[in-house]
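The structure appears below as structure tokens.
Note that the chains are named A, B and C in the order they appear, and that numbering of residues resets to 1 at the start of each chain.
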Amino acid sequence: MSVIEVENLTKVFKIPQKDPGLGGAIKGLFAPRFQSKTAVDRINFRLDRGEIVGYIGVNGAGKSTTIKMLTGVLMPTGGSIRVLGRDPHRQRIDNAREIGVVFGQRTQLWWDLALIESLNLIARMYDVPPARYKQMLDEFSQTLDLGSLLKVPVRNMSLGQKMRSELAAALIHEPKVVYLDEPTIGLDLIVKERIRDFIKAECGSKGMTVMLTTHDLGDIEQLCRRVIIIDEGRVIYDGPIETIKKKFGKFREITFETTGLVPSLSLPPGCELLSTGDRKVTLRFDRIQTTASQVASAVMKQIEVRDFSLSEPDLANIVKQIYNGALDNGGVEPEAADARPAP
Amino acid sequence: MRALRRDLSIYLSIFGMTPKVFMAYQLWFWIGLVLNTIGMAILVFFWRAVYADTDSVAALSLQQTLTYILLAQIFFPLTDVDLIFDFGFNLREGNIIHFLLRPINFQGMYYVQNLSSLMMRLILQIPIAVVATLLFGLQWPTDPATWGAFAVSALLGFTALFFFHWFLACLTFYTTEVWGLGVLIFGMSLFLSGSLVPLTMMPGWLQTVVLSIPFAQAIAVPVSLLTGITPLIQAPLVWLTQLAWVTGMWLVSALFFRVAVRKVTVQGG
Amino acid sequence: MTRYLSLYWLFLTQRLKVLMEYRANFIIGALSTIALQASSILAIWVVMRQVPDLNGWTYDEILLVYGLITLAKSINHMFADNLWTLGRQYIRSGGFDRFLVRPIDPLFHLLADRFCQDGVGNFLVGVALVVKASVALGIQWTLLKALMLVAAVVSGGGIFIALNLLTCVTSFWIVDSVPVTRLVFDNHLFAQYPLTIYPKAINILLTWIVPYGLASFYPASYLLDRSLGNLAWAAPVAAALLLFLGYRFWQFGLKHYGSTGT
């Protein structure tokens, strides 16, 4: 049996339309008009015990709405969710005992309390046996280096310290299912690295099922074997991260700034034109077939280059390409937009 | 001269900002009217019950007392100075330093801002004044001279109170509990301003106490002039006393402010 | 039940630790409510020196009425003050979700989250007034009267909490529920004085619609063996009914939140 089972999950929001001013407010009170917005549209997936799955998408794709439904905060409009066999909204309190949640941008700790006091409260709320609680505290003191933080009120912590504390608060009752919403947002590289190591070790060793939403492809690459990509409320990819890496990891983009207008260029094999602008041209090349220096020298022979820069494709770009059918026909042709699968 | 004109234009733009802020709270406006009506109704019924078996209390008739109480309610905004919450907020957000860096007199800026708020608040009291007139039988004074005497006294009283509030607001440099401090001061001002009971009904010693705290300067003193409880002939004397209050409070507030600011700038808040 | 009680105790002790950290704030907070009450009481004192009674109610009798409503209010102020901030501090900021992913009742969590120290000032004022009035009036305390005192304060507190709950739940729909709550809450000011000084409509309002009168005027009448005093026994019933309605409305609001999330 899967730990999380999601079937045809749908969420439609009704957004009240407001007219300005007091008159509008009163009108809205008696004759409200609504506009429907489908945030999550018939999505399906299953997560097994011990899986760490990346749930990614651009802003507004429906990620946090999904997480809110999975945690029981929001009620689905349609479809069903089973988390450990329960309906998380209807059996919210029973479900809450088994899950741990980190909302990256919001604290679940008490602002003015020393961390240890917050943890005491949370442990009691989840009925963690005192002996086990002590063990967990010792463990976290090591793995999250909380020792020196326990007496510090949350309001005096740095962003990284706060996140370490949030993780301790979310995992102190050893939940079976963990939802991490942007756990590394705003952190610097070293802290990010540490948080990832901790998640990997803690959740891996205890067989927790983890659903991770993030903008950071680094999080995904290091923690997840499987990713689910969502866009405009629909799942557009569900499969191994390897496929994504192979497909998109081998490409690089290179942008040239030129002194004059860009003529039509002849490009080496494995390289293609992405866009041309005013004194600017962007190419994409396959790292297996060619190299950055080959592409650069080929271009420089044809035009005068003032500057150039290299970049890896970002999440928004990947999503766009998958949407345009990149994973269906094997090509990453921009023209493939027409070949997009019928919804 | 040029500097003065520049300052004036800045003050003027600050003056103009406040009404826009008020307009954002329409719901509060209507509900505030109902809340004011409730408060007024309680006072009116209370005083009617007081006068049930007697025609005069401390030489005041029911109508005189009601006129005083209702006018005191209508002009209660004279005690409203926003400094404490403003100071508290700006200190917490760390904005205070920006204010100190601005090339304009800090206290002057706040005074103009609060004066503008006062005008706006008084305009917004018009509906409750209508309620007082229609529902509770408020009889308005008609003599222009009393109104003139009242206006001068009200402005002086408000100014004295502004400096007193400035002094109190400096306490927020030392405490983080701004809300409690605000409620504390509001609570004291309710009675000490003389808005609940005419001063003449108080025993002598209590009158002395109340008159030695600035709140009364903004309500009891001007409203007594307006209702004729203080004869018009005494107006110049009243003004002079209030002017002394303004000067004294101004000195005290400026002094305390300097001490308090030093605390922030030396210890970094 | 015992689980919630012990949890509340834990919340309370943690909160007190924070308050002790800001000791000056604690004192200012308590003083602030005392100052607010002192203003009104001083006004009553000044006036009652001039006349023998107010519609047949003496100074000390009025203090009893005032003290009872203040006690009831203090229960609400100490234990349920967080209702006021539901919309502003929890729902609008998204912080409310935190309550929903925890294995305890969200209303309990909301109330337990912040014990309000300012209410302590009200409580002390209430106790002082009731004691003062009782001594001055020479109230003969019987078991029934003692029971009435407890019932009046507890159910009075319940009435305050329930009416605040009913109005604060609107913050699941509207941006700022505070004006709506004030609209109902401020009616308790009528109940600071004997209801006989008001016209009939206000008596009906304070007895049957927003029954703050059941927390002050009627129990005071009972303790003073006056007419209408027996109506005070309706206070627990009214409190239970209003709390039931309030909780149902809360659940309804919660359901709405579940389908819209703000």
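In this text, a residue touches a chain if its C-beta (ideal position, glycine included) is under 8 Å from a C-beta of that chain, and two chains touch if they have at least 3 such contacts.
Treat the numbers as computed from the prediction; the structure is a model and nothing was measured.
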{"item": "Chain pair bearing the highest count of C-beta contacts", "value": "B-C"}
{"item": "Chain closest to the middle, measuring from C-alpha centroids that were averaged per chain", "value": "C"}
{"item": "Chain separated most widely from subunit A, comparing mean CA positions", "value": "B"}
{"item": "Geometric centre distance via CA averages, subunit C-subunit B, whole Å", "value": "29"}
{"item": "Where subunit A and subunit C are represented by their mean Cα positions, the distance between them in whole Å", "value": "46"}
{"item": "Separation of mean Cα positions, subunit B and subunit A [Å, integer]", "value": "54"}
{"item": "Where subunit B touches two or more other chains, by residue", "value": "27"}
{"item": "Residues of subunit B defined as touching subunit C within the complex", "value": "27-28, 31, 34-35, 38-39, 41-42, 45-46, 48-50, 52-54, 57-58, 174-177, 179-184, 186-188, 190-192, 196-197, 201-203, 206"}
{"item": "Partner subunit C, residues of subunit A touching it in the complex", "value": "13-14, 65, 68, 71-75, 77, 89, 92-94, 96-97, 99, 101, 103, 106, 108, 110, 112-113, 117, 120-121, 124-127"}
{"item": "Contact set on subunit C toward subunit A in their complex", "value": "3, 6-7, 10-11, 14, 17-18, 21, 93-95, 97-98, 100-105, 255, 258-261"}
{"item": "Subunit B contact footprint on subunit C (complex, rising order)", "value": "22, 24-25, 28-29, 31-40, 42-43, 46-47, 49-52, 54-55, 118, 176, 179-180, 182-183, 186-187, 189-190, 192-193, 197-199, 202"}
